[in-house]
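Working notes for the structure below.
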Amino acid sequence: MATILVLNGPNLNLLGTREPELYGADTLESINQRLSQQASAAGHHLLMLQSNAEYEIIDRIHDAKKEGVNYILFNPAAFTHTSIAIRDALLGVAIPFIEIHISNVYRREGFRQKSYFSDIAEGVICGLGPQGYELALKAALNHIS
Amino acid sequence: MATILVLNGPNLNLLGTREPELYGADTLESINQRLSQQASAAGHHLLMLQSNAEYEIIDRIHDAKKEGVNYILFNPAAFTHTSIAIRDALLGVAIPFIEIHISNVYRREGFRQKSYFSDIAEGVICGLGPQGYELALKAALNHIS
Amino acid sequence: MATILVLNGPNLNLLGTREPELYGADTLESINQRLSQQASAAGHHLLMLQSNAEYEIIDRIHDAKKEGVNYILFNPAAFTHTSIAIRDALLGVAIPFIEIHISNVYRREGFRQKSYFSDIAEGVICGLGPQGYELALKAALNHIS
Amino acid sequence: MATILVLNGPNLNLLGTREPELYGADTLESINQRLSQQASAAGHHLLMLQSNAEYEIIDRIHDAKKEGVNYILFNPAAFTHTSIAIRDALLGVAIPFIEIHISNVYRREGFRQKSYFSDIAEGVICGLGPQGYELALKAALNHIS
Amino acid sequence: MATILVLNGPNLNLLGTREPELYGADTLESINQRLSQQASAAGHHLLMLQSNAEYEIIDRIHDAKKEGVNYILFNPAAFTHTSIAIRDALLGVAIPFIEIHISNVYRREGFRQKSYFSDIAEGVICGLGPQGYELALKAALNHIS
Amino acid sequence: MATILVLNGPNLNLLGTREPELYGADTLESINQRLSQQASAAGHHLLMLQSNAEYEIIDRIHDAKKEGVNYILFNPAAFTHTSIAIRDALLGVAIPFIEIHISNVYRREGFRQKSYFSDIAEGVICGLGPQGYELALKAALNHIS
Amino acid sequence: MATILVLNGPNLNLLGTREPELYGADTLESINQRLSQQASAAGHHLLMLQSNAEYEIIDRIHDAKKEGVNYILFNPAAFTHTSIAIRDALLGVAIPFIEIHISNVYRREGFRQKSYFSDIAEGVICGLGPQGYELALKAALNHIS
Amino acid sequence: MATILVLNGPNLNLLGTREPELYGADTLESINQRLSQQASAAGHHLLMLQSNAEYEIIDRIHDAKKEGVNYILFNPAAFTHTSIAIRDALLGVAIPFIEIHISNVYRREGFRQKSYFSDIAEGVICGLGPQGYELALKAALNHIS
Amino acid sequence: MATILVLNGPNLNLLGTREPELYGADTLESINQRLSQQASAAGHHLLMLQSNAEYEIIDRIHDAKKEGVNYILFNPAAFTHTSIAIRDALLGVAIPFIEIHISNVYRREGFRQKSYFSDIAEGVICGLGPQGYELALKAALNHIS
Amino acid sequence: MATILVLNGPNLNLLGTREPELYGADTLESINQRLSQQASAAGHHLLMLQSNAEYEIIDRIHDAKKEGVNYILFNPAAFTHTSIAIRDALLGVAIPFIEIHISNVYRREGFRQKSYFSDIAEGVICGLGPQGYELALKAALNHIS
Amino acid sequence: MATILVLNGPNLNLLGTREPELYGADTLESINQRLSQQASAAGHHLLMLQSNAEYEIIDRIHDAKKEGVNYILFNPAAFTHTSIAIRDALLGVAIPFIEIHISNVYRREGFRQKSYFSDIAEGVICGLGPQGYELALKAALNHIS
Amino acid sequence: MATILVLNGPNLNLLGTREPELYGADTLESINQRLSQQASAAGHHLLMLQSNAEYEIIDRIHDAKKEGVNYILFNPAAFTHTSIAIRDALLGVAIPFIEIHISNVYRREGFRQKSYFSDIAEGVICGLGPQGYELALKAALNHIS
């Protein structure tokens, strides 16, 4: 049985209400519920955190190491483009992770084209909506087993 | 009666002591007091937050939506140039806001010329000292009424 | 009693008819009228010039020095991004001024992001519509008194 | 019957004498004469202005709106690369226009590669010599009819 | 029953032998076989093309329109960074597609960071190995049904 | 009697169906027919090729030299921005040509602003729709006679 | 007797476990202990903070001013490259400080070459391992006495 | 006897009063007087124009051709960095000229480092104060004789 | 006995007629003949391909692997600057190769300064005319023996 | 007993007289004397060279290899930003070294931000005045022992 | 009586033979002779050095300080664009100097547009041939007296 | 009988010991010996200089002109990227030369991609090891005879 951490960055608590033309009407709660079921069905355990605070995400990553987390699914949201500190936390714990974006960032502002995570991630899934989390979990489970 | 939120970013708690040649001798407290009186006189209500923490500002903006805040006056200070997460919070709640800078950022370091807020703000007031808040409040009140 | 010069750059004579979704339906005449009343009410005198010719604006600034003008409110319009000659005129006479833009230039073409005036202005008001002139006049009057 | 304005920017009064290896031996007068005949033959009316003064071109464009000009043929010459004010005038009056260059600007100095007009023009004709005006007039007449 | 086209760009015929530390030991044949089974199981039909010739890919996309292809899974390989012609073909037929990369292009040469497809794709899956095709097919099938 | 080659690059076979808001409803066939009539009427001969393959265009240009083609009308479409090989073919045969674009490329993506042909073309006609070919043919015929 | 503040930024709590080939096997605790002894031996007092939260570092700097801290030794870690807010805090309190990096940032990713602190620091020590703190403390003590 | 034209660009009418720490206390009148004497002493004739209007300078250059002016001494002031139209006028008449700057432009704002004249001037004299005109006149007279 | 492949990119079939001031009067046929003799004399075997089609060059490189080619001499011509697909083919087969240019590309257009091959080639010979092939063959033979 | 070479680049012979607000009043002689005492006290030997000639520094580094120098303390002064030849000499002999700057180069001209040595140095000490040499020697001695 | 040093950088010993279309047929010897006469006539003393070695120029500048040289006329030739060490020498001795270029560097390669001296020189004279030295000497003598 | 000068730049005296994985185990002496034999065998004379001093290389090039040297083989090593003075020396004497690099500079640091010699060289040979000199000599001898 593996432990997988689903990390969501700033403003993703607004999912379902925030700019629905970009992000859809799904809430983070319902996404997380589906992911939990998918993980349980495969005999694995899911941990979750959404935070608007960079330091909470860093601390959570540090703790993940201590808890033996096997894989991280990470939607860094706006921190994608600004947080070298979270990058360093991920480098520091060396847990494999997939970077996920709900919207297609390549269609948006220029500053959203640069990620501090893509080159150290296992892979990136972008623009496929909330379904992106499920595909990433599938990939993580394949990787683990 | 409208509700207006006055948001001040990092280090603005130092106003009055910090680099007075740039920022003047006015304290944030006295500025806020004058703004409250100006709002009350017009029959409106003022909420305030100064924070050095990006996440507190994001959370405050999320709450503003729930509380029905009508307008935000925002001096993002150093976050002007670095916080895509606050930008996303403002996009997420879609409350109109004016960006304010006490000092003339165009006379300062190159990295202060880039704002993550100006293109999504209603307008920008910059370099006019603490008076900038009062002018912005006046514009907000005109906008609301 | 102070003398204040309101300078408007190229194409602002079209105000009210030109791209109303960007600039509103107010004419320059009505804006100037309101500003005159605001100045008179405060016991001050207003001078005005709108010109499509760079040299007329330069000459007007030179004359302002001779006439003892105390403050300039300046909407440089398209000259914002191209006229070093007007910049030099303002540096030459050393009269304090506020830079005003009716529309939010930060939402527009990349070449509108660069101003030859902002770093030598007292301050900048941008994106608040015709009301921007009135706020600037208020700031100028505060400065003078 | 439509009215078409042929606008020529700075130094084009030198045509025929100026750098003939670049611009040919045709004078502006003879070009204009041929264009007038071409327009008359099609039952339309031609107006013309060549000016070395940016403000005269702006004023002419403003007037064109009042006179009901249907189409503009515009060789902005050196103003191609520097005049945002004329760009704004054309945006302000919203009259369709074709941008014309006699010489092939793509073979010349780097600063001649940037145009403030191409993206708001109907189209661009460049490098085909004085004949470019006649082709543009043909296109304008097709457009109008 | 939907028809899905799996398009593979240049050098992907070498899969299994080419730089296995980057691309793995799976051959394109075995990948395609698995995809066919996955599609059949869901009651859909799969078409396939791998080509080293840009024009064959363009022609195949044009034909896809005529054949009523519902979705394209596209690994453009080296053409990702160079082929505006294929981009235009995809824009021309307006069939939704997912961009797939087997290796994590963000860890490689700078010129591999730029894609002519990402901003017009439904989404992008990158760095997850041959499994990326299966995840993309899953997303496509969800999209169609 | 002169021979003129009309060369059309990738995806132009889709004309009439592809993105009609950009390219109009005219088909390449009907455009070519009109051009043939225009050429015949002037006593000249027209050759045509549309190809999605860069090498076919290069080969056609090489052959043009052998056949004594006097002038080329060339719409390089997406190859405008990517094909140095076609540029070299045109330099190699030294046949004069006009570059044509149906849509106004200056209003489109940044990568469409760069042409590998404009600086070696006789001239450029852009944004005037299918009519651009006819104007170019007119210019070519003037040049030849 | 002087008071010196040793400030350590994000992820430095991982020292000794994180990427030891870059950062060595020393823990922050043992480093701090050695620094305390060095300071005590010289008759001075040491304060310490490591934090993953930008706001805690800002607040700590504000408090340092109130407590009369004479000098700061600062390893900003990932905040080196992103935090204008901490820069502003340091500018606001005007306490002299030395910037320290354990690893040689010049050998690492391009984005680590830019520091928001070096130009306002007294000096910079980089790449000399944990020993860098001791050298910096030595310099600070020389400066104070 | 040769004729030499001394052309001064915008704001140079302010010489003596404008930013004296940059430009000195000499007026343009006194400079011109000294130049006239220097020219007369050498048996030559001097023409002069200072203008804040770009078009007047262009027209003056066109007229210079007709009047047989042999050499131009040109201080383009702010037009140095913006006027391609004056550049084209000078190219059009092909009269040799020396570019003069009173202040050392290399010590000033970045945008003053670019000149549209230096590469087509005979030479450039910069930073030597009003004396620069006299040295240029000396060089011009040497050139002519 | 080794097998060496001589690959020539687009437009090199024009050698001898194309821009002789750049490329000389030698034909590709005569160059290839001399190379064959040089190889035979050393007891080795030469294969040759010139193609204007990128895909043919890619296919030829793939086949070279199967045929046991020991070394490639490659003049990519215009593909030097545009073909990542050929780069990937060469990386995929891992056959050592020398990049050859007949003309000195460093004297030509800026876009010819960038090669997608130089950093993966054994070496580069440039500007020495057709003789460059012979020098490269000599180096290849030294390498093999 | 180790041997340490102290290398000083151009103009450092002026120390004590040159721009004392940047470099202090200490002479190189007195700095070197203090360093010799510090080294002797630790039982080590110090060699020194200051030179304004790049080649002398290169030759000295080559000789250092032959003499078995264990460590180099290097203040490259202006050569920091220009000498790839000295970089290559240091790479060639592979002796560990620390880069030292007396002034804080990060506060100075942009071209002083680039070093050809930092990425190959053990570490960098900058802005701490002449004391920087002593700190570097301390680090070197720690390294050696 | 003042002492003036005339410094000439690398390759200027070739004057008269080197690229005469750029530099003229005058030798350095004859130029120096004329300058000596001009200085003597004004009662001043001239020192001269031409060197191809950067260090000799640095040493000469250091000595100039000791000898009480009042002014330097400096043609840095190729060192203009590369020698920060000479810049530092001039900053170190703080002797006023004029930068001279015989040819018009603005017409030449891009890398010749950047000077490490212009912003610290009194002024610059460029493109006026050997006569530039005489004009500079005249300016220096005016400055001294 | 021709005279050929073999010039080697800084640090090439270390050949055989310096970074052998980059430069091989051959010494400069043995390379030069082989080149001498190759030249003698062809009836020509070889001169040689290796120097770490830029000025010695410049002086040697000046002398080469006087001695009637027919061709130069030049490995500028680190001076490739920094010495405009040597470039000017080569332009000044106008002796044809080939630029040689032992290692493949395209695989190395970014600053090694720029050469001040390639565009004025006859040709460039790079990455083929010491053998590059022999190939260059062969080319030179072909050129001469």
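Going by the order they are written in, the chains are A, B, C, D, E, F, G, H, I, J, K and L; count residues from 1 in each one.
The criterion applied here is as follows: contacts are C-beta pairs under 8 Å (C-beta built on N, C-alpha and C of every residue); 3 or more make two chains touch, one makes a residue touch a chain.
For clarity, every value in this text was computed on a predicted model and none was experimentally measured.
Least step count on the touch graph, subunit A to subunit J: 2. Between subunit D and subunit E, the least number of touching-chain steps is 2. Here the repeat of F-I among B-G, H-K or D-F is B-G, since over half of its contact pairs match by residue number. Inter-chain centre distance (subunit E to subunit G, centres taken as mean C-alpha positions): 49 Å. Between subunit B and subunit F, the centres computed from C-alpha atoms are 56 Å apart. If each chain is reduced to the centroid of its CA atoms, subunit A and subunit E end up 24 Å from each other.
Residue positions of subunit A with contacts to 2 or more other chains are 53-55, 82. Of all possible chain pairs, the ones that touch are A-B, A-E, A-G, B-C, B-G, C-D, C-H, D-F, D-H, E-F, E-I, F-I, G-J, H-K, I-L, J-K, J-L, K-L.
Those residues of subunit D that touch subunit F in the complex are listed here as 98, 104, 106-107, 115, 118-119, 121-129, 131-132, 135, 138-139, 142. Residue ranges on subunit F touching subunit E, taken from their complex, read 9-11, 13-14, 17-19, 51-56, 77-79, 81-82, 111-112. Taken in their complex, subunit J has these residues touching subunit L: 53-55, 58-59, 62, 82-85, 87-89, 91-93, 116.
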